[in-house]
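Next up: some structures, all given as structure tokens.
Shared between the two complexes below is chain A, which has chain B as its partner in the first and chain C in the second.
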Partner chain A sequence: MRRAALVAGGAVLLAWPLLVPRYFVFLTSLIVVNAIVAIGLNLLSGYTNQLSFGHAGFFAVGAYVAAVLTVREPALPVVLTLALAGLATALVGLALGVPCLRLEGLYLAMATLAFGFVVVEAILNLDWLTRGNDGLAVPVARLGPLALASDAAKYYLVLAVGALMVAAAVNIARTRTGRALLAIRESEIAAQASGVHLAAYKTLAFAVSAFYTGVAGGLFAFVVGFISPDAFDVFLSVDFVAMIIVGGLGSIPGSILGAAVITLLYDWLAAFQNYRPLFFGLILIGCMLFMPGGIASRVPRRTPPAR
Partner chain B sequence: MTTAALIHVVVSGLATGSIYALMAIALVIIYNATRTLNFAQGEMLMISTFVGWAAWEALALPLVVVLLVAVAAAALLAWAIEWAVIRRAISATHFDVLIITLGLSLVLRAAAGLVWTHDQFPFPSFFDNRPLVLGPVRVAPVSLGIIGGSLGLMLALGALFRWTRLGRAMRAVAQNQRAARLMGISVERVYSASWVLAGVVGAIAGVLIAPVVFLSSSMGLVVINGFTAAVLGGFGSMPGAVVGGMLLGVLENLAPLWLPAGIKHSVPFLLMIAILMIRPSGVLGRARQRKV
Partner chain C sequence: MLGVEGLSISFGGLAALSALSFEVAEREIFALIGPNGAGKSTVFNVVTGLYRPSAGRVRFRGQDLLRLPPHRIARRGIARTFQNTEVFRQLSALDNVLIGRHAHLRGGLVRGALGLPSVWREEAGARAVARALLERVGLAEVAGVEAGSLPLGSQKRLEIARALAAEPRLLLLDEPAGGLNPTETQAVMELIRRLRDEGGLTVLVVEHDMELVMGISDRVLVLNYGRRIASGSPREIAADPAVIEAYLGSEEA
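Here is the complex of A and B:
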């Protein structure tokens, strides 16, 4: 039953560009990109309870690394570009994560918030590399002889990378590492007492989360084709947080659902720019007051979660 | 650089620093009562300043009355938010309340934009525009006014915490909620009073700073500098908030003299990251012991 549903879903996703107009293909690509970020953020915030308000910063680092690499070396295969974008962002994540080990709760939220602002300022000031406020046009991604120029081609790239990232996250969550991260969320002291190396796992969560977000940033650069610093402001970080809150903290299907809900809402409310933050704010408050587990907690599970 | 110019820079730094200090105090008041961070503090400041401005526009009231209107609006707004939203989540984790105040800040900002648009408006000032000339030194009266007004408010708050029944109750709740409850203090009333007090401090800060930075829906972003100031001084400490605010204001104004111009906006954030890494308990704070 479950396998059949997965196969059917996969088939629909593969045939998607043949079924719907171009704009929806683009929109679906965005949903997948955001879902990758949401999974990355959830591994950090949902699994280890380290709240980050700076993921737009990681997203920007990934996007700019991918864009600059492609501008300088247009022949580089896109898979390599994305991997490099992810690794570079993971390094930034380590640089932020290691000192942040000393911080918890509010302090961590504030440090990551500050990080997001610093990244945008850095992009503005490194204008010889990033063209600052003018933004950067991203060349077409290439995979050997193939140029991924059409919306459908970009969609398949995003879908393939997304599927890989989801599979990897499910594996992380199910294994020893995932259980260790969940244990840290429930109680750091109890986890430590049970032999979970706190510092190592928290740092790991930071690096993996940054890697996911960096790869997604790279994909975003290719999908949209143009990036500028104002796209990565603090409100984007808030949107990412909203995705995992709506979807459900500590749930991978929840991350994907949350990303889909927020991305679609964003699109539908495009004509009502001024009302958008109003809706998003109300959603955040409503979720916290009435549905703290997000959508994922409202879906009945057939099997009890691994404990 | 001449000494006179340096004095000018430091004084205007102290003026912005006073505003940061007031923001930090407002955050610390709520933090001490409920152990949560109020992300919506900046937006509460913005809304109450807007209400005061609307009253001034409509009725041409004297400035003192405008200030009172802003303060009353802030008190009402803070009380309503605490009663309608925060109290319902009081059993939730701090993480949840943080997200709720984040949502509130989005809602308040959007609401202000809908009512008053996202434009900038000039705000009437208590103070003269002409600079005060003392020998070679030139100082803007508005800077001195902001510093004086803020210091007065801080002293009043200090007195409130030290000598009044409410202040003692608030300090007791900050130290140990259960013990405070056992001593017959209504902890809920302290929560509510803390929100109102924080709202009022924010409103006064808003009316003081609005003539300098203009009134706009985005002026609530000053809350981030307030966080930095509070962290600099050691989150939870009132004197720390004052010192942190002043320090931040002066450093922010001095940094562009020696560092590249583009870096001015990053100063509060770099400073916050640096202080969190080096000394998370802040300049005046004491490291907290964690009990298992």
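Here is the complex of A and C:
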């Protein structure tokens, strides 16, 4: 039954570019990109209880690394470009995670917020590399002889990478690493008493979260084809946090659902740009009041003991 | 096996432990008792590396523990439970015990993410061990239940199962019978005795329930205001005037 649903869902996703107008293909790519970020953010905030308001910063690092690499080395296979974008962002995540070990709650939120600003400033200052405020046109991604120029081609790239990253996250969540992260969220002293190296896992969570967000940033660069610093402002970080709150903290399916809801909402509200913060505020407040566990909490678990 | 020498620690001028020394032998059930605030839990917190003493040494199987962080101490073979229960509340009972096995599993981030067959084999093995432990403490039927929603008595037993999952040599139990009814207390006593007799474990237990203390311990050490006031067999302790004085002098009888 569940397998059948998965197969049917997969088939629809594969046929999607044939079924819907081009714009929706583009929009779906964005949803998947955001879902990857939301999963990464959830591993940090929902699993390990380290709140971040700086993920737009990681997203920007991934996007710019991928874009600059492709400008310099147009023939580089996109898979390699994305891996490098992810790894570079993971290093940045490590560099941020280590000093953040001492911080909790609001202080951590402030530090990550500041990180987001620092990244935007850095992009502006490195204008010989990033072209600063003018923005950077991202060349077409290549995979061997293939040029991934159409919306459909980009969509398939995003979908394939997204599927891999979702599968990896599900595996991580179900095994030793995911449990250690959850243990830290639930009780740091009991986690340590069980042999969990607190500092190592908290830092690891930062690195993995940054890796996911960096890869997503790289995909984003290819999907939209043009990036500039103003796309990575603090509101984007807030959007990412909204995705995991709406979807459900500590839930991977919830991350995907939350990303879909927020991305679609953002799209529908595009005509009402000025009211966007208002709508978002209302939705977030409503969610916290009436659905504190997010959408994921409203979906009955399949087999409770399995996890 | 565990040697504590001249341990002192104070909190804001209050001496929680003053030059405390004692030695726990292999396969011994050693009880630490004393009135509220005597410093019993503090001993556990120093031994497991959560608190750093101002003076003294803690040696475990010939090695100094004081330089080690808590997770390293756990990996040396010391597991514990907590007075006010520290179960992973939003996780299932089974996951709680699986986290107790953390140090025995190899699957790291990358192998886990890739979902290699070796990782799933290891997971299956860990699950089997965890289920057997839940069975052993009588929680097999609630393996999938969120730990935070279990009654206190079950949470206490769950903590014991989680501690055992680490396959420790020394088990520290902080008031395992606290808040339990007499039947549950009997079951816990029986469990502790079996862990020593069949599993060869050494147990250091803090407990206010005198029936448990007198019933299972080989030796008892009595603390008051962070100092040893008596130690010996349960029988000797029960007759010691200093102990009777300390207990009658506080509300805890």
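In this section, the second predicted complex is superposed on the first by the 304 of 307 C-alpha atoms of A that agree within 3 Å, B and C clash if a C-alpha of one lies under 4 Å from a C-alpha of the other, contacts with A are read in each partner's own complex, and residues count from 1 in each chain.
Here is the rule we use: contacts are C-beta pairs under 8 Å (C-beta built on N, C-alpha and C of every residue); 3 or more make two chains touch, one makes a residue touch a chain.
Source: prediction; values computed, not measured.
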item	value
Which superposed partner A:Ala221 touches (first chain B, second chain C, both, neither)	neither
First, second, both or neither for A:Ile189, with chain B first and chain C second	both
Contacts of A:Val166 with chain B and chain C, given as first, second, both or neither	neither
Contacts of A:Ala38 with chain B and chain C, given as first, second, both or neither	neither
First (chain B), second (chain C), both or neither touched by A:Thr177	second
Contacts of A:Val241 with chain B and chain C, given as first, second, both or neither	first
Shared contact residues on chain A - chain B and chain C	189
Complex contact set, residues of chain A against chain C	167-169, 171-172, 174-180, 182-183, 186-187, 189-198, 204, 208, 250, 303-307
Complex interface listing, chain B residues touching chain A	36-37, 85, 88-89, 92, 94-100, 102-111, 113-114, 118, 224, 227-228, 231, 235, 260, 262-263, 265-266, 268-270, 272-273, 276-277, 280, 292
Chain A residues touching chain B - in the complex, by the definition given at the top	49, 51, 99-100, 102-103, 105-107, 109-111, 113-115, 117-118, 121-122, 124-125, 189, 238, 241, 245, 274-278, 280-285, 287-289, 292
Sites on chain C touched by chain A in the complex	48-50, 69-71, 74-75, 79-80, 82, 86-92, 94-95, 98-100, 102-103, 105, 107-109, 112-115, 119, 123, 143-145, 162-163, 165-166
